[in-house]
Structures are given as structure tokens and as C-alpha cells.
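Going by the order they are written in, the chains are A, B, C, D, E and F; count residues from 1 in each one.
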């Protein structure tokens, strides 16, 4: 157990400014002795809002962590509903916390059913798959699109907040009593939405930071006894190899 | 958000020595600035290993918190697989973390499927119900009894550890790659079992402490917009009233 | 097999007048040679419409039966959607019939999907949990609140009947073709609602009486080979012990 | 509500001697004032142990009831796991009780999980379908074949009882704490098996009689508001029409 | 593997003109070297729109194939949502393709969720059962009745198309992105609906022809290692025997 | 509808010799007028047997098709259990047939439950996810590893066949009556295994060819009305863009 953990926060897309915003949110949620390192994939889309882009971000994110040469204690995957979680767990021995899974898990502790408000409708099916594979979809009342594209989140904060509030009210009508902000880019809007709605609203990046620190505090690593065992490092690859497992420092 | 949170750790049974052992484990897992207060129910069984005893502990635990006169920031329910979680969430505005739910949630971040090793076979059905109602049963490979009664846990540490290891191996054979210790009284045996098995082994009390602190750090409260809204405080009761909701300090 | 069975009908709350009304309904549904004994818990809420109150009624109901000194042949738990069913099955050797489970089972024989009309929205989640744990939730089209509190059921029979009819029509629109009255206090309104709706409407107390007599007629007892085995009677308790099992007379 | 109900017990196969044995069992389980009428299909297999034979028995059973000219108050379908239940519910207005569904429902009241012991392995898949469509498969721990063909049940009572006991022990090992005899022809062996196993053993015909009388006592009919509405009686048929609905006398 | 397969297309009802229309559609979908033989049951309803009629068509269809004296390479069951699939698979060794299952399977390859538009609301529950037993109901967004009775399909093609389009739009709103025409009699309307809706619309008979030819091309037969093994041919029957298994030519 | 379709068969790994073997199997299964074009990803692992490698193959496969400059009528994804299916469906307008989904669908037509025999145990969890997301996992009795690595399949045909037979027998014991060969590299072993086991054994590549030709024959395209709509082609990418949708020729 380390006293001063380093946590990689991997943005899923290639927008470095967004990485920095996410890292700032993460720093605000982290304990004083933790170091947050933002990581931006070297290739891929500027935002991901559907299956095809999501597969690209999965591999680009794994690639980015595989190529990271510093030490670290946990990895946060900061793409809501994006693929790659299980592959990253094969890559590293440290804990891997997906913001999708993290926010759903904490939401389960605060209410009866949670609702997710996300960006475009093209992202909804992939989010539902991710929650189902995470085993927590039974507690999800609805995943609702706000029709705010990732690339337009910062254009007009009031308009974004209104769109999220409207989507959240749809989720509450469907039975939710807790709301999860289903995009890393929505970070910072949780307080405003919470005040408007009167229910807990969770920022998924902040949730992931808490859970990553929790696992570091407990001294736990990713299990290598099942499907997250490291892949065979001797297997030939064409092009850059993913998967030479990182040792825990 | 408080800087020095007080967390109530409610043992489910009337064995005050066990409360103290659980509180010690919780203190070991808590951050330096947190205060852990052990709470023992005033009535009920000395241990709970089945439905009937579990219902009693649910009400006795709620009763104990309802009667607690100090301030606090979160409640940990330290009875693995015991009833009462949803009722406690009606009682208080602070976050309520059940060790059953907490350890399952963190196990989901570390492996593909988790297994639970518990005390007697009479406890298994209730644990399965609790995980199902928590919405995380799909990720559970097996709940396995070790045939160590709660009252005999401390009798012979080596025998207890051997029984848990044997039960854990059964769970691994059923597909688990992470093990949860399914009794608050097993606290402290996680490291030994982890060394023997080579997979992550989670102490459920330590998990709950981490998640309770996480929710306090995030400044979140239990949702009152759904079924966890406080009951009507004007409703007549015969005998001691449960349910005058605690205000957040 | 007895020719003149005695059936305990345990109201879940402390309202003795309601116990008497429920017992009268039960007598109307029972065979001529059966004796119905109404039982009122000694403590707890005057009505139960949510998790917290429900846990209290579970233990108070078990307590009331544990303290009953006469002989009996079956126990009916007359709180719709209330906890305790599995604990009562540990307490006694006689059959235990929960009105929630009983009415759902008979509804399954009469239609394709049943709908439940209940009191307040705060009761819905617990009813859904109860039906899910009973294994019959797949056949339930909807649980709909009528917004009639238990304490106001008798205030205005016409208003209550209209509220139930409206809730029932919502359930029919959701796919139900049979309606279950989801509160013991609604007893007696089934005929009126049946006439208005043209579908079978089941009184849950009457259903439970029929099933309790059925099990007595068949000479069957609660299984003690699984989780409903009696708890260890030597285990220390603080306060009144629940769980010294009743012998079948 | 009639005081002296007539209940049709429809054997699924063309073996009139078996019809008579089943009717005798039904008479033993019925109340004194009830009349049990055994009905044998006019065509079809001498026993049904798989999908193909089961579809034939479905239509032959419906045919037999459609052609029955007397009055009656309820129909029992006495083929365990056989098709036809939903069609019979369209045919008549009276309650229709399938022995598969009836015994599963009562088993749910007596234990945590039930097991079914049946005839040949060819019957298992259809039984599982029937329980799944009835919505009670979640409570079923296992369906186990005894390898006793329907046509050989009476050959050697001791051998049959031993085979059932062995199959039941397999079901208990799979988590059952109640056993259902999954063939109408096993009627009468429940007491012997119950004594051997120490768990409740349910005769499915006796269960159905109790539930049929329960529904008659409650004055309930099959819902015609959903998929069990009578088919259009003006629709042309080639050959004997099924489906001119029986009026309730 | 045959080069010139003969495929039986079994209409579920006794309307020979409909059989001919279905066979024509099948011929249009079949490869040049295939022979399509329309088969009409000898008895039963002129159309099937609910459980009772569906059971009749199941047995009449099996009867028709059992009595067919020519050689054939595959059987298509051309009643959407009708019973009998599993029984037909016991009867013959050749592949059996149900249009319900076939169209659902191909729909799964073209979109995320499929919707079914069918005839009357009385048919919906049986269709849902069929998809559930086929294991593909999770991919079905909705089954929607168009209120066009089978017997009126050809009355007014424009009115039928409008009714189907309206029902399909309801299914799309429920999340479908592919539409299945849920009645053999709707054959030929897929192109028109596809043009109107802009999503793939599948004719279930054409789908079944493709899959039947696929299985013939692959040289595969129905498995006889499980519940589709032929029934015991020595078992006595009253009336015409179903089930003397057809040999593959 | 084209008379001479071109079908891309995309190997998931970078082993060009395996691509050629798979293409040969595909040609053997295709109709005479079809053209099979083998496609090998330009980068990625030489074989994929777990999550991390699977994500890489998903993107490399999409990349390979995105860069393919010829015309084509359908895409076959020839990696059993590998990711990418949903992303490829966004990329192209033509039908996309995954060998995992294709073989499961045809298996559903031939038996009651199918079993999958695959390579290493590291691949099992991903295969189960793929079948679950495809909506056909309910029909799967078991996924069994043969412990034959992809890279060793051709080393010793007899040893491979024996290992597959042993794994298949495990699947049959778990309730399967049809076997699917769960690796594209197993192509050609289906006949041998079928002879040994006496149950249908499906080669997944051959199944996919049949279904791809079926969809081409029916003139159907991937639905663009839901989550498989093409991604926004104006979105900035760093590195090679995936996702400029292919037009149907």
C-alpha cells in the first residue's frame, strides 16, 4: 500500500484539452497526497459516441497505457460507456476503474434505481451493453440521451445544463432516484443538476477517483486467476504490441 | 463535505466483543482523520445465520441507530447477508453502506466473477437474496459455506483459515477469480487467504469503510426521491418508534 | 390431517380493529369447520407502507406467533408485500402462507399476467422485491399505487373504490388480465371492482385462506431440509427470543 | 359459488385405466361434496413423454373437454409437463388447473426451491418449458428423470419408489428442499417418498384438486380480458371444431 | 448434400389458397434448383390467431407431414408464432425451420433490436412465448398487433399496408431498428413497407427458405441426441399415429 | 440483389496463412457464383485468445475493411468470439455476419441447446459475452476450452480432434445436443467430429457463408435506423480514420 498514489486518468479520445479538464476534475476529487496524471490516446477520434468510435478508443487507450513509462498505482478509464475495460485489466496488474462501472456501483449505494443521462442517442446501446456486462443493469431505470454532442458540451453551459435536466427528469419518471452523468465531459455539472432535481447526481470521474483510491488503500490488484491474466507475451504481433504487462512498482 | 467524518459501524448481533473486533478492523481500514464508532444492538441474537435471526438483527440495528444521539456522517451495516439495508436507508439521510453490497461492488472491479465464502449453509439463501436485490448476483459465481459458525470463528485460527481456503477453492472451481469473506467476523483473515490462493481476497468491513468514506468525500446523501424517503413521522406506533429520520449534521 | 383446522391470521400492524376486519374476511372465505384466529402484533406501526415499517412488522409478526400459546394448523401473514415470510417459515413447522405470494399464485391460474393495485407509492418497491423473491415477478405486469393510505381506506368507500379502479385500469393497460388487491385492508372490495372491470379481481386474504386450507388438507408442513430449518435454540439472545420452534399439535 | 362442484380431471393420454387411477387419487384429495369426473381423450398416445406426443395430448384433451356435454365447475389437466394449458383456458370460462403449475405453486409455499422427479429424460425439456412459461422456473432447483417410463410405473412398486427416491436425492443435492412428483401416474407414492426423504413430497394431482376447489370456492373464472378470450366461433374449420366456448352453468 | 432439394412449406391452416400464395412467395425466395411443395393440413381452423387454434395447427401440421409420402430435404413451418416446432423436430430427421425463429435469427444479423408486426392482439402472447422458447426474445423490442385479421389480409392491400406501417412505427418507437412481418400471409408486403420506413423489413417465409437451403447446403440434420429424438414407435396410439419418423432420402 | 456476390472474409489476426485456410473453407461452403475474398488485418496479434487481443483484432479488422478499395456485398468476421461486430455494422451498409453469431443461430435450428468447443480457457469469458450480447446465450449449454492454442491447431490433427471430441463430450453432458466449433481455425474438423459424436457439428465459417449469401439473396442491408447508423464523418481523428462508410455498389 502506497501513501502517495499515482493514478492515471485515461481520456478515451484524442482531445487533449478535454483530458486536462477531466484531470482537473479528478484532482478535485482526489485526496491531497494523490497524483493524477492525465493520459491522452495518440490516435483515434476526437470524441466517441457509438460502437465504432468506442472500439477505436478501447485500443488507443490500452495503447496509451502500454506505452506509459512511469510508475502508477491505478488506471481510470475516463470514457463513459466505452469499450476496453476487460482488455485494460489484462494489460496491467494495478486496479482498473471504468467510470461507467464506478458511478453505477456508487449509485447503487445511494438509491433504489439509477438513471444515466448521456450525450447522443447513438451512445445509448453501447452504454447498456457496458452496464449489462458489468452486471449492474438490473439497477438501471433508464439511459437517456440529452442530444448534447461531446464536442458541444462547453458551448453553452446553461443550454447543456437544461438539456441534462430534461433528460434526468425523463429518467426519474422511469423510476430512477439517483442520476449518473454519463459522459466524462459533463464533469462539474453535478452540483447544479443536484440542486435543480433534489436527488443525488454523480459525476462519474469523481466516483472513479474515489474507487481507485479505495482499491489502492486496500492494497488490491486485478485478479490474474481468470480471464484477466496477462496475454502470452511471446505471441508474434504485427505492428505495436499491446499487452506486455506492467509490473506493479 | 466534512474533513473529519464519524462513521457508525453497526454490528448486527448483540456480541459486544465482536463489535469491538469489527470496529478495530474498520479503524485499520479508515483514513487517519476518520472516527469509527462501533454500535451494538440492544437486543437480538448473539449471531445471525439465517432468515429469522436476520430479520431480528435488521430491526435491532435500525433501532440502535435510531437511538444513537451523537452526530455521524455515514452508517456501515456490518452483518454480511443480513436484512435491513433498505430500511436503514429510510431512517437516515447519510449514506448507508452494507458490507454485503460494498464488498460485491469492489470485487466487480477486480475480477470477472466473485465468490463468497461464508459461515453455515443456513446463511446461504439469505446472502443470495441480498446480492440479487442489490442487483449484483449475475457477477457472483458461488456462495459457499465453510461450516464455521460465527460463534466458533475465533476458536482455532488455523482451522478457520483452512475451512475458508477449502470453501474458496470450491468457489474458484465454480468460476470465481476474486473471493469475498462473507462474514464480518472473518475480518483479518484476508491477507492469509490471499497468500494461499493467489487471488484477491476482500474483507467486507474494510471495503465498506472505503466506500463510506468515498461517499462522504463526494458529499453525497441517500436519495429521498424514491422508496428511501423517510416514513411518515406522525404515524402512530405501539412501542418504540423506528424512523424519526436523522438530520445530517 | 385435521378435520377442524385452526388458522392464525396475523395482521402486520398494531391496529386491532383492522385485525378484526381481516379476520372477518378470512372467516367468510374459510370452510365451515375451520377456526380463524386473528393475531395482532404487540408493537410496531399502525400501518406499514415502506421498507422500514415493513421490517418492523416482520419481527413483530414473528414475535406475535412465537408468543401464541394455543395450537394451530397454519399461519397466514396478512400484510401485503411485507417482509418476514422466510423467517416465519423458520419459526413454525406448520405451513406459512403470505397473502402476497398466495394471491399471485392463484392469479397465475386465472390469467396471463396479473397486476397489483396497492396503497402508496412508497410500498411499490418492497412489493416488487417480495414477488421477485417469491419467483413470480415474471407474471406480474405492473404494481400500481392508488394513493390511498392504509389509514384512510375506510374513510370513503366510493372514493377508495374509484381510486382502485383507476389504478387497476393502469395495470390492465400494462398487460394485466387479472387484478390482485395489494393490501389486506382492501378486503371486500373485490366484487365491486370485478363488476366494474370485467376481469377477475382477487382478495389476497381470501386467497391465502384457500391455500392454507389446501396445505392443511394435504397434510403438508414447511420443509426443514433447507433454509427454513429451525434456528439453533441454544444460541444466546438479548431480550425476547424469537425462534423456539412451534411443534405441530 | 356452488356448494357441490363438479371437477373434470382430464388424463392427457388414451389409457382409460390410468384415467381411473388418477380420478381415484383426485377423489381422495377432494372435499366430500365435490364430484370428480375422469375424462379420457378419444385419440392420441397411450402415454406422453416428449414434445410430439405432448402436442397431440394438448389437442386431444381440449377436444375431449369441448365434447363433454355435462356441466362442470373446473377443469384439471392431469398431464405433468404437457402442452395445452393456455388453449384450454381459451376454451372454457371455468378455472383450468394444470397439475404442473398447481404443484409448483404449492411447492413454493412449503420450501425455498422445489425439485421435480419425472419419468424419462425425453420429458425434461418440455417440463422446463412449461415451468418457464408458467413463470415459476426460478424456484425450480432441478428436473430429474427417474428412467421409469409411464407404461412401466405400476410394474414393480418397489422399483419405481427406489428410482424416484434416487432421482429426488439428486434434486435435493441440487438445492431443492421440496419434491414434486412429475407424473400423474406417480400418484400415491408421495407418502412413501416423504417418509424416506424427510422433506415434503407433493402429488401433483392432489395439489390441482385443492387449487381447483379453491378457485371454485372463491367464485373465480378464467380471465377473458387477455389472450384467453374465446376464439372467434364463426371462423371456418375443417374437421371437428375446437373452441365453441363452454358456458359456466 | 443434395443439388436439387425439395422443401416442404407447411401452411398452418386449412386455407389451401393461402398455402398456394405462401408457396409462391417461397418459390420466389428459393434458389433455381430447389423445389417448393406447399402442404395444407387436412383439418383445423382456416386461420390461427391465438393459443387454442395454434395447438390445433401444431398437430394438424405434424399430421400433414407425417402423412406426406414423397421425399423431401427440409420442412418449413409457415405459421408465424404457432406451436409445433419442437414436435416437428421429433418427427423428421431433416431440418425444420419455423418462420418465427428464422426471421428473428436473420433480423438479429441486420439490426440491434427487431420488432414484430402481426395480425390480432390475440396472437401476441403466443408469439412472445415462441420467441422466448427460441431464446431470442431479448433482441425483440416489441410485438405489435396491426388489427388486420388473417382472413382480411387480402381485402384491401392499401389498408393492410397502412395498418402494418402504423404498427411498425410503434415498434420502432419501442427501440426496434429492423421489422419482421409476423404472419405468413403478409408475404409480399416487405418491399413496400421497407420503402416507407427506411429500415430492413423481413418477410418471414423468405427468411425460412434461405435458412432451410442453408442447412441443406451444409448437409445438416436435426439433432437426435436430445429432446428431438424420435418418440418410441411401438407405443400404442388410438387414432392416427403421429411420429413414425421420416427417414432422410 | 446481385447474381454474383463478392463476400469479404476477414480473418481477425495477422496470420495470412490462416486467412487463406479460412477463405478456402469459405469457398467450399459458398455457392458456385460467389466470390470469396480473404482479408488479413495489417496489424495486431498472430492469434487472439482473450479480451486484450480481441479488442485489437476488432479495430484491425474494421481498419482492414475500411481500407478495402474493391466492391463487395457482405462481410464475414471470421474470429470466433472476437469483438467488433457492432462497429463493423456501423462501418458498412452491407450485411455483416460474425461467425460466432451465425453458428449459434443455425445451431438453434438443429437442436435444443448448443455447446461451443473453443481453444484456450482465456477465450471463454469473451465468447460468453459475445453470445449474451447477441441475445442467444440462453440456448447455450456450455462453452468448453479444448486447451488447443490457435497457433497449435495444425500441429497434430489427431491430437486436435481428440481434444475437441473430449471438450464436446463435456458440452453434451452439460445438456448440449448440437456442437459449434468455436474457432475459425477448426474449420474442416466438423465432419470428423460429427462422425465421432453422432450429433450435428457446425463449422462457424461455413455457417457464416450461408447466412451472408442468404442476406444477399434477400437484398437486405444493415439497418441504419438505430445504433448502427454511420458515425459522423466530419468528426476529427488523429491517425487513420475508421468509419467513412462504404457505399453499397
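We adopt the following convention: a contact is a pair of C-beta atoms (placed from the backbone, for glycine too) under 8 Å apart; a residue touches a chain by one contact, two chains touch by 3 or more.
These numbers were taken from a predicted model, which means no experiment stands behind them.
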*Furthest chain, CA centroid comparison against chain B*: E
*Can you check how far apart chain C and chain D are, centre to centre, with Cα atoms defining each centre and the answer in Å?*
27
*Approximate Å spacing (C-alpha centroids) for the pair chain B, chain D*: 45
_Multi-chain contacts only, two chains or more: what residues does chain E have there?_
86, 112, 125, 226-228
*Report the order of chains around the ring; begin at chain D and proceed in the direction of chain E.*
D, E, F, A, B, C
*Complex interface listing, chain B residues touching chain A*: 29, 31, 86, 95-97, 101-102, 105-106, 108-113, 134-136, 138-139, 172, 175-178, 197-200, 202, 206-207, 210-211, 213-215, 217-218, 220-228
*Give every residue of chain D touching chain E within the complex, in rising order.*
14, 41-47, 49-56, 58-59, 62, 83-84, 86-91, 122, 124-126, 129, 132-133, 151, 226-229, 231-232, 235-240, 242-243
